[in-house]
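Each of the two complexes below includes chain A, the first together with chain B, the second together with chain C.
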Partner chain A sequence: MRVDPRARGAVRYSVDADMPGQLHAALVRSTVAHGVVRGIDVSGVAPGVTVLLPEDVADLPLYGCQIADQAVLAERPRHAGDVVAAVAAPTPAAARAAARAVVVEVDELPAVFDALDAAREEAPLLHEGLSVSDNDAAYFGIRPVAGTNICHRFRIRHGDVEAGFAAADVVVEGTFRTPAAAHVPMEPHATVARFTEDGRLEVVTGTQTPFNMRMELAAMFGLDEEDVRIVVPPMGGSFGAKTFTRQEGIVAALARKTGRPVKLVLGRSEEFLTLNRHPSIVHVRLGATRTGDLVAKAVTCWADTGAYADCGPGVAQKMGFAAPGPYRIPNCWVDAHAVYTNTPPNGAFRGYGAMQSIWASERTMDLLAARLGTGPLELRRRNLLRDGDAYATGEAMHGTCFEELLDRAAAAVGYEHDPAGKGLCLVMKGMQTPSRASIAIEREGDGYVIRCATTEMGQGARRSLALLAAERLGCRPEQIRVPDPDTDRVPYDTRTTSSRSTFMMAGALAEACEALLEDGRRGHGTIVNDGGLDPDTGQGVASTHWHQAAGAAHLEVDEETGRVRLHRVHCAVYAGRVVNAPGAALQNEGSMTMGLGTALFESVDFNEGQVTNANLSDYNVPTARDAAALTHELVEREGAPIHGLGETALPPVPAAIGNALASLGIELYDLPMTPERVLEAIDRRAAPSPEPDLEARRR
Partner chain B sequence: MQVPAPFEYERATSVDDAVALLERLGPEARIIAGGHSLLPMMKLRLAAPEHLIDINDLAELAYIREDGGEIRIGALTRHRELLESELLAGLLPIFAEAERTVADPVVRNRGTVGGSLCQADPAEDLSAVCSAVKAQVVIRGSGGERVVGMGDFHRGPYETAVGDAEMLVEVRVPLRDGAGSAYEKVERRAGDWAIAAAAAALWVDGGTIADAGVALSAVGPTTVHATRAEEALRGQAPSEELFARAAGIAAEDCAPTADQRGPVDYKRHLARELTHRALRRAAARALHQEV
Partner chain C sequence: MSASVPVRLTVNGTEHELQVEPRLLLVHLIRDRLGLTGTHVGCDTSNCGACTLHVDGEAVKSCTVLAVQADGATVKTIEGMANGDALHPLQEAFWNDHGLQCGYCTPGMIMAAADLLARNPDPSEDEIRHGLEGNLCRCTGYQNIVKAVKDAAGELRAAQAQPVTQEVV
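For the complex of A and B:
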């Protein structure tokens, strides 16, 4: 019997990677949210322990995938938990003890914890000068606003929004908030690194972005990219947490100082200080004619990117271009900002900003439906995008499937029979554009080996590639080996993100297989998707390929306790063509479970910048019993291309649940929808709707 | 990875043996049964006992039986056994109601009633249940046994009347006529600690509440024994108005603090609402009016 290696304990994850002679690292973190290090006292550290201090890394330039704003060690910590020193010791326990023995003296600076506060002119500045990174993750026009904490602003200007609102019979608006959230991969961040005798840097690490990391580490240590080698074992989950350079620079700097390999595995509480999801404030104003045709939409998005930009500019941009939603709206105006605050950095998180935007926009659709006195299903059907329609970015839509998805989701909860306690959500989410994927395949024994940079994080990428190659080459999937990505051996790929890999790599693989069949020994394939948006107008090609889904929820509410009881939450997800049916189903299940946590439970909480729930007892991820109400289906179409499925079923869940509550007159604007918030909304129900927070619309 | 500090391990062969080990090894020894509270604390280094005394072999401590007008529950009885006991379901349905909300099957298969009570977490479910049904606990030391009521058992957060060289061996619940009991809890995710929970028991005799037990979880530094609410109920005829008044008193007498699970006002609101509901259902059971 073939037992999955994951069930046998046979997978060697990043945490299992070792190098002979390695030391173990631990990190010394700032306890204050913003300050300047006055001194570091290492006199209490046991002999035989190496301490990495700011002067050891003074020669290393600032790094950051989109804005170069982060030092390897922070002489000016900008969030509680920022790493100010690091130690390397013979055992993990000795390293932890040594890290505790390092005493850091910090002079505190004024700090700011909220995106709107941080965007004010008088707010304390986190970074005085901002320089756009030369990493290829900074591929779009990044627009820092000088002298402010705004590190990127993105705009869409489509039609004439003022004229649109003037022509509207009905205008609704609302301000919506989502909190920081943790990715909670079972496996924490783990890295082992060494400098070889010939001066190369070798890093084995859990990352979704091996080539971006190679670029960053090469720049950091003044090496040629070819002299940096990144190897990526399978990850025990990532969900965006392991993107771009996290702890790898520190580990490499320790390896440089000690002359030994150094390994670091973060603890669970450290995960909450390493990378979270962007808290957001999204203000939406939506206008329609009396008959229910959308005529104008204005959206302002604030993405709190924390102490360092990371990919926050990209997240803000995606929040921005997801804001119009899958509807025909002739006049759209969007301003999206990424803003620094003195909190841990926020970065990629399953959906990359889409959820935050969709929560706000899809809740606003139901506010509008209520104001118009039309049904939320009818309002969506009337306005949804169809093939040939222009999106707010100017690009023409193709391969749309929204009506079928919406009908299927609505049918799953019997929406048309009785909409009470039921809610809908329609989702359109972009895929990384532009990007490039390359792959090589070679004969090996009686089978083949695939060389590609697509990383495995539990999503089943290797299985999908093996299935696709086997189909092309007429062999069994078991004859195809997909080893760990190794930048010394695999061709370039943008990164394993945004649900792009199955689609993009399938295209490259088809070409590679054809080339192999011709050559007899090996084949190589490359696929490129071109596009991009003008950051000042938002016009261009946001995505060469749109991920589409609809969600529906059916629930009841205990009106005295505010507790929500879910009868069913269903997602219909467009797959185009399913490659690996069990893997696809698991992606939907996982996305929806995460969406459920986002909807009802999850928030990284802060007190003056300190995380107050950095453990899995106080930070509530859903349990199996909570997820029992979740169902899903995949929609395929004859001859359609593969569509990525890694994230699409997450964003529909919060808004479908929020709209189901709205159908009962319970209007929620903030996530998560905790029982006490639901109860507050029940108490508000009799009162007129709250004044929108106009602060959020400030231009 | 979270690893406990080093400790020595002993396996007790009898209750007397366990007590003798506790006495011999001193105050840094701890009894381990299900381990679902102690081991996480050890992994987080919130507890670092030098010795663990494993009592999982003591089958004589795993039972639920009716004896001399009492229900007797051995300290090593697992949550799952409380959940599935037909004897309890008939006489004290509050136990199964509370157990359904305790964590998940993995925890319930292993965790024990003795461990839950001795952990004395203010948000723990069975402490409130035992308080409401006026349970007594039997504590054994080398000098013999003593019997303590729940009011004296809870000394403070995570603190009980069980001394260093003693162990809890049994829970006794008196059986009286006209009894009804119920548990009401609101938690965030399934199986989580309560945001707030209320346990209620009523003993109705000839249309009058002869005795009442009300206790709340997660709304004070220990399990809250709502004695003023109990007094208000005693000697009165059961009614919605009475339950509302008693629930109001219980809500006044609790002392919740704000945390990730909710703000103070909301917890106090729940204390009132859940006490009211628990009393209503306890009365329906006592009067055989349950639908």
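For the complex of A and C:
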């Protein structure tokens, strides 16, 4: 009998990975948000400890998956928590003690913490001269704005937006903010690395992007890509946190200096300094005719990418092309920016910019409905995209089912019966386009083994692949083994992100299974999805297909305390075809629960660039009690392609709850919707709606 | 570095005598000295519950217990829950009901649930949610975890109700 190792505590994660003779690392971090290191005093460090200093990595080039802007160790720390030195010692405790004994002297530089402040011409610059990375994650025409902190700007130009607003009978606008958020995978980042005797670099680490990391580490250490090996054990969650190169460069540099394997496990508080979700400021202006037809929309998005770009340009772009929303709008302009600030870097986070944009746009739909005196459900029904409609990117929509999703979500809370205390949200989210997936399958004993770079982080990728292969090959899923991704053994894949893997790998796997049935021993399959957008006009193909969902919330508010009591939050999510029913349900439930945290609790808070709640006492994620009101359903279509489900049910939750509050006259513009903010909005209820922050419209 | 001190404890039925630093946490003794890596560390501040195990039959968060505090104690970890190949009903239920995704919180969740069921063999859904509030799961959304605990409770009650065959001398 094969017993699931998870139920026995028998999974070996990266935190459990060891290499013989390994040393343990700890990091020395800057306490100032922006400065220049003047000196590092290591005289207090115990003997037998190796300290990695900036001069040890002076030969290593800058790295970064989209913009090469980050040094392995920061001689000029750009956020409080930036790593300026590292130590390797025989035990983790000795390493931590040694890291504390390193004294770093830093001359402070002026710092900037807010995206709008940072985008001003007179703002202190974080980086002088930006070079786009030579990495396949930098594929979409990155447009840094020279002499500013803006590391990418993306535009959609669809129709004539000013003529559209001139023709509108009603125009509403608002400025919406979302905070930094922490991914909080239960397993922190962990890496063990060594250089082998023949000069290869071997890295065991939790990452969703093994091939991007291989490319980046090879460039960093001047190796051929084939001489870097990335092995990825199952991750104890990731949600975007374990993408591209994080601590791996430092661990490898320590291994190079010591000549020994080196292991690093981050502490929970360090997680908050490593990678967070982009805070956003989104300004939306939306115009419609008296009868409720949308005629013009202008959106300006500011994605605060923190001290280093990471994939911030990509997040800003996705925020931008999610901004039109799933509606027919003949005139739509979007300006999206990724901006540096002196805060920890922000990167991929379940939803990848879409949530921020959807929060702003779907709240604005309800502002418009209120102004028109029409119902939020009717307004959405009237304007939603149907097959054959053109999206703002010019691509023709296909496989749409927004109306069915909306109706199902609305029905779940009895919206049409009585909309009081209820809110809706409609979601359309893209999938990584373009990308490439390859997979190999071989006979092994009386079964098969799949060689594939899709990483396992709890989403059930291996189970889905085994189920799909079993269906093709006419065997039991248990006869199929899917070992840990190892770049020495698996074919290339773009990365395990954007809910693309089940769809893309299913395509490649179908081809591989066919080839295997022909060959008898092995088969190989590759699938490519083409597309991409012109960054200056936003025209092209944003997504091979679209992830679609609708959310509905029903709640009441304790007006004395501002506490929100949820009766129900429901999501209807389009799956195309479900591969693994229990896994699909879990993806929805987990996404919704994370969306609930985003809606009501979660914010990484700062004071002058210092994180003030870098622990799970002060940073609150939802518990079993909070999640009791969440329900969901999956919508399938006969013969439809598989749609990934990793993220789609997150973005509907905040806006559905926000719109439910709006139905009670409690208008919120900023996340999370804490009791304090709800009380403030209750106080504002009698007053006219606030002036939108026009500063956010500046381009 | 402080001098080491002796600690004797029984873990999953096996007696151990170790020399430890007084500051060593129980979770590190379990993971690093005994190699029982099913007990996980998630937060360092006793919020997440990934390190939950049983000391003398009660669930504790082993990241906030010193190893020396467990001197003389009987400790049970996730590795001690199954009886050979026979999984504990909670392990069965977490597996059958899909109460797990990445599996990192699962051992702590199962140990906390076992403690809950020992104190309340027939908890309501609300009591289960309340009882597991100290254990965080970032993947599943908790619905199947709650279902698993409810199902395991039923299994355990049914097993209790079975007449016990006694050997008659």
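We take it that the second predicted complex is superposed on the first by the 696 of 699 C-alpha atoms of A that agree within 3 Å, B and C clash if a C-alpha of one lies under 4 Å from a C-alpha of the other, contacts with A are read in each partner's own complex, and residues count from 1 in each chain.
The rule we apply is simple: a residue touches a chain if its C-beta (ideal position, glycine included) is under 8 Å from a C-beta of that chain, and two chains touch if they have at least 3 such contacts.
Just so it is clear, the model here is predicted, and its values are computed rather than measured.
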item	value
First, second, both or neither for A:Ala512, with chain B first and chain C second	neither
Partner chain in contact with A:Glu676 - chain B first, chain C second, else both or neither	first
Which of chain B and chain C A:Arg625 touches, first, second, both or neither	both
Touching partner for A:Thr561 - first (chain B), second (chain C), both, neither	first
Which of chain B and chain C A:Val3 touches, first, second, both or neither	second
Partner chain in contact with A:Ala88 - chain B first, chain C second, else both or neither	neither
Contacts of A:Leu53 with chain B and chain C, given as first, second, both or neither	neither
First, second, both or neither for A:Asp16, with chain B first and chain C second	second
Contacts of A:Phe239 with chain B and chain C, given as first, second, both or neither	second
Partner, of chain C and chain B, that touches more residues belonging to chain A	C
Chain A positions touched by chain B in one structure and by chain C in the second	267-268, 617, 621, 623-625
Touching residues on chain C, where the partner in the complex is chain A	21, 23, 36-45, 47-48, 50, 77-79, 81-82, 85, 87, 91-92, 94-95, 98, 100-107, 110, 125-126, 128-130, 132-133, 135-146
Touching residues (chain side chain B, partner chain A) in the complex	1-2, 104, 186, 188-193, 195, 259-260, 262-263, 266, 269-270, 273-274
Residue numbers on chain A that touch chain B, as the complex places them	92, 265, 267-268, 560-563, 600-601, 605, 612-613, 617-626, 674-676, 679
List of chain A residues in touch with chain C within their complex	1, 3-13, 15-16, 93, 183-188, 234-237, 239, 267-269, 457-460, 582-583, 585-586, 588-594, 615-617, 621, 623-625, 627-628, 630
